[in-house]
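Have a look at these structures, which come just after this line.
Across the two complexes that follow, chain A remains constant while its partner is chain B and subsequently chain C.
Presenting the complex of A and B:
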């Protein structure tokens, strides 16, 4: 089950203060929050603003600048599919079409049952063994439609929390 | 004296992506089951990525390679007698003697794939720390002079002479200076930084320490793209080992000089590879590009003098210090000295990493090393230097791989990545993608890039849909001129390069029968 940050404010605050001694603490804090909760809840904005002594607008501007930070909880499995040129040359866009036509999954969205979030990334450094994806931080290469279907179906049958 | 058999199974992310961890686990299981003593080393990758997982078994004659090895092949390797398995169907022979390896000049990547990346003992046994020891006996100015004399130019893309950058930081007076390693490696078709960080992280750390000692900086940051979780884990462990071995800390190798290091993760923004955007991001802000001057060398991280260098630039320094500037400069040609790690990727049969002296032609790489496309169809285009680089047609494959020769054909070397496309590629779509990527990744600071890229996508949609083609192509050419001339940084300034190369070399793709307006 996804944790809701509102209920976890104290924990979020402790994560923030843990990182405050760092130079340029903002990104490490945002990563820590997302690691813990799967996304950066808007409830964190005032906490960050106060801890870092900057305006809430600045915090929001920073969060939205970076593609990594989600504004909503993701599915239990996060698939980051590379759509850069080297993966295009071996058919990543066909996988995008396949996800839609066979699994009703569209890019940068979460499946209705909450099992999978499919995200666009630009290059995972596996460009000689594409198409490539990170599946919950596990790098997978040479993804064809069969492998892709396996990943999605495995995700759909996985009940547990994000790993 | 141990009688165990040394077996290597790479832990490089690319190898893992095609099953290396499962193969390694199976190796251990089989060995236990058969009561055979093995010592399993998780090395980096040799760079022959189409052979991954590439298992190596040590023999008196050298390391024999097998690949690609699947979990189901492991038992048969044991049955064939491991070190005596030279006749196994997957046997490749002695790895160091394979054509792919023999034709290279491995300086920066000398240890990658050979050693256990996290063993300081292995590192020293293979020549590690010699460069730093040499540097510690010199003055800062002398180290800087060695780097200048080597002819090393930044491997991140812009090709700026590394020694000159270091001298600026060396000469600046400040209470605090920084060494920042640009490990954002955002270009499609590139993975050399990743392979080095995963396969020989101490080389990068040693290079950063030498930089710190040279210019009087005591603190370093590695800005690593968040898309590299495997490299992140390796770097964290490597830094801990380096601290235990006094490669980092208050007194580097007992010299009394201090240097310490942290890894910071990016957050999925391509523009944060641009050095000033990167510095903003490290400071905890949005990655908006800074106007130059002031240059980062004088006014960098938190306003302090800062060296920002690519992973490979920094990782080349230990070799230069250990072997002498002239030895490095002896490789290469013209103003491109030393070696270049080339990455060949995309629709290619033999993809991977090759470190070569500058001057080899594109054809030798694509046909000689790459052996054509994975699909078996003819090569139609190769994009060199990432998403801002040109699409180069086969007629130009006799061009040498160096900074100036590529500039001569309106292309660029960038970070040395080459992405192969077969004849099914639609170059109008690739041109559209170049604009789309720029629109998504623009930092938004200047209008020609922010608005221009979006306008470029619209124009390409119309061209693909067959609407007022001549007029729209003309408007698009004007737009690329404006972006080239008026963008603040190379994101907007170079997006025209892939677009125009596609248009100029493949005009027929821009006049194909009309397609319905591109969905999505």
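Presenting the complex of A and C:
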């Protein structure tokens, strides 16, 4: 289950201090936070600013610069669907429409039951086998509508699938 | 020094110069948006591209490349830079086209129109058309306070505002979020900025993204009459330009003066102008049966004359306010002298500073530029951030450059730089003199120690002892680091004229007590409460505390409505010029005093009939005041006696000099903008619903 940062400030603080010795510690810390919590909570911004002696505006700027950092807790399964040119040419946009019409899932959103988050990425380096997606960090190629439905149904049936 | 060939001219520049600086030195104009002399280099607007021979075959951002980083030619020839080649022209046109892709074409409704860098440079370096047919992006406007209006769609992401607030102003609220096309400038959590210098981002913004909120849609740059003058909101004497339309002051902008304010001014200096239009005294008043009744000038003068008739000098007193010019103070002093009165004081805040201790005892002797050489700073009872915001930015600059050690005695305050808090009691000063504590060692080792003394530390009977200790701590060969930080624009000038009680005369605090004097003249003195008893004649511009207490009000001109000399805290005499006229029947202060003297009968007449005649008398009596814009930095003349003085320090903690930066004088208190800032600063107001 996704932990909630508000309840885990001490844990977040320990994560921060763990990485503080690194040069350019901000990104390693943000990655660590996202790994542990699934997203980077707003409450982490003052903690980071304090620990790194930079302004809160600067921390916010960094977090928003990288689209990979989430601002809200994700669903139990995270599907990162590639929408760059190669995958577009083999039908990823049809998949996007399919997700919307059949599963009520819009891009860069989480399903209502909290089971699936659908995110956009641009190129997973799997262009030969497009449309490609990362399903919970596992690369899947040649996704068609049937395969997509399978992934969604599997996700809906798993209680805590996100690793 | 390094040799470099720019557009065919060989010049020699310091090796650490950027190409942009070198090009400027060579007289080649390089357009830029993000680059600013006083801010760090960002290199993100790409407008300053030049062609460099010998480097990679692409244009180079001249603001981010140093001369020393260029390679010489194969036979050791100096590197070659071109600013007018076809490649540069094409590169600039390309950059300009990209900048304009998302910039709205709303110049007719943009306040920046007519003084916009983007407009000017698009004319000079852009092409006449666009090839972009898609939709432009739109960005939500942000709330960043009561003073700066944002139109973020116009932003070209130069980040000057972000760099200014973090580097110069020392607040870290502004930042950039997002990336690429989605990049936006915002304040963290969209709160109002907390800086006293935030108005400067309006000048820095090269487009119309950040404009002045109070000045919104009121005037165009080309219809304003520009008058160069001097600011009186604090004792720094910042160079300002007063922009008027007709008789109305529309806005106030900073002027460049490297020795004083560089190119910044505080928000109080910039946004005070709406206070010039409200609460104005535009006709004389006389109190009849407890109520102020409008009267004619001659009636008002006659009332004053009737009350001073037959009074002895000791029964008459005068207090000079914080905004008075030197000429007024001189006329005021001359008038009181005709009564034989010694009750004259310019220190309405109760400061005990005395010109008898020598001119160097009340000046910022190191000069404001001296801050750039200081290697240790002790601040005693001053809060430079509130009392002289622009000077504080200079201290911060030095701190950023060198890690300047700063320690402070006084009520706790955030100065925007690291500052060791030595407590609020002056008794610490004795320890520092005795060499106790870490900071005492730092100060002793310093070659250029700066000891800044504020008036909060000079209000007690130990004022002389404090100044003496500060003077002892700050003397070095060829360096006088005793720096008295004044907060009132009139103070140094009035002290130069010895406008303090002499021969047993009463000081300001004593005069304000009930029945201390029979007739009390207030020359714009509003920061002092005068007890009932004395007959009060108030000469001033605003219906403030002094006017409320007054029995006769003689309406005078505000600082933008008269020509006058002001001496800043470092002893620099500067001349302010008239930008508009006083309202209604109000007159210039010196003229009121001259006319009044006529009515008081023989023996009281002042000998000058014009401002020039007044100045001639003034310069005859005080020749030093004729030296405009001169500073005799580091002179320690005449303070030997002070240095030798020893005394005990009071133990009680120092109080801040004033609670509210935005409410320190009658003009500020009449200003709605200042009132809003003050409310925002004290957190009393709900965030505006924008």
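We take it that the second predicted complex is superposed on the first by the 161 of 163 C-alpha atoms of A that agree within 3 Å, B and C clash if a C-alpha of one lies under 4 Å from a C-alpha of the other, contacts with A are read in each partner's own complex, and residues count from 1 in each chain.
Throughout what follows, a contact is a pair of C-beta atoms (placed from the backbone, for glycine too) under 8 Å apart; a residue touches a chain by one contact, two chains touch by 3 or more.
All values reported here derive from a predicted model rather than from experimental measurement.
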Ask   = So if we stack both complexes on chain A, do chain B and chain C clash, or do they fit?
value = clash
Message = Contacts for A:90 in the overlay, against chain B (first) and chain C (second): which applies, first, second, both or neither?
response = first
Task = Examine A:129 and indicate which partner it touches, taking first as chain B and second as chain C; both and neither are also allowed.
result = first
Key: First (chain B), second (chain C), both or neither touched by A:30   = first
Inquiry  = As a test of reading the superposition: which chain, chain B or chain C, is in touch with more residues of chain A?
reply    = B
Query = After lining up the shared chain so the two structures overlap, which partner does A:57 touch, if you call chain B first and chain C second: first, second, both or neither?
reply = second
Request  = For A:117, select first, second, both or neither according to whether it touches chain B, chain C, the two together, or no partner.
outcome  = neither
Request  = For A:77, decide between first (touching chain B), second (touching chain C), both and neither.
outcome  = neither
Ask   = For A:140, is the partner it touches chain B (first), chain C (second), both, or none of the two (neither)?
value = first
Colliding stretch - chain B into chain C, listed as 152-160, 440-448 or 512-520 = 440-448
Key: chain B and chain C contact sites that coincide on chain A, given as residue numbers   = 58, 61, 65-67
Message = For the complex, give me every residue of chain C touching chain A.
response = 162, 166, 172-179, 186-189
Request  = Give every residue of chain B touching chain A within the complex, in rising order.
outcome  = 13-14, 16-18, 49-50, 52, 185-191, 193-194, 226-231, 264-270, 281-287, 302, 343-348, 351-352, 374, 383, 387, 417, 419-422, 425, 430, 433, 437, 441
Key: chain A - residues contacting chain B, complex   = 23-28, 30-31, 52, 58, 61-62, 65-69, 80, 84-90, 121-130, 132, 134, 137-142
Message = Considering only the defined contacts, which chain A positions touch chain C in the complex?
response = 45, 54-58, 60-61, 64-67
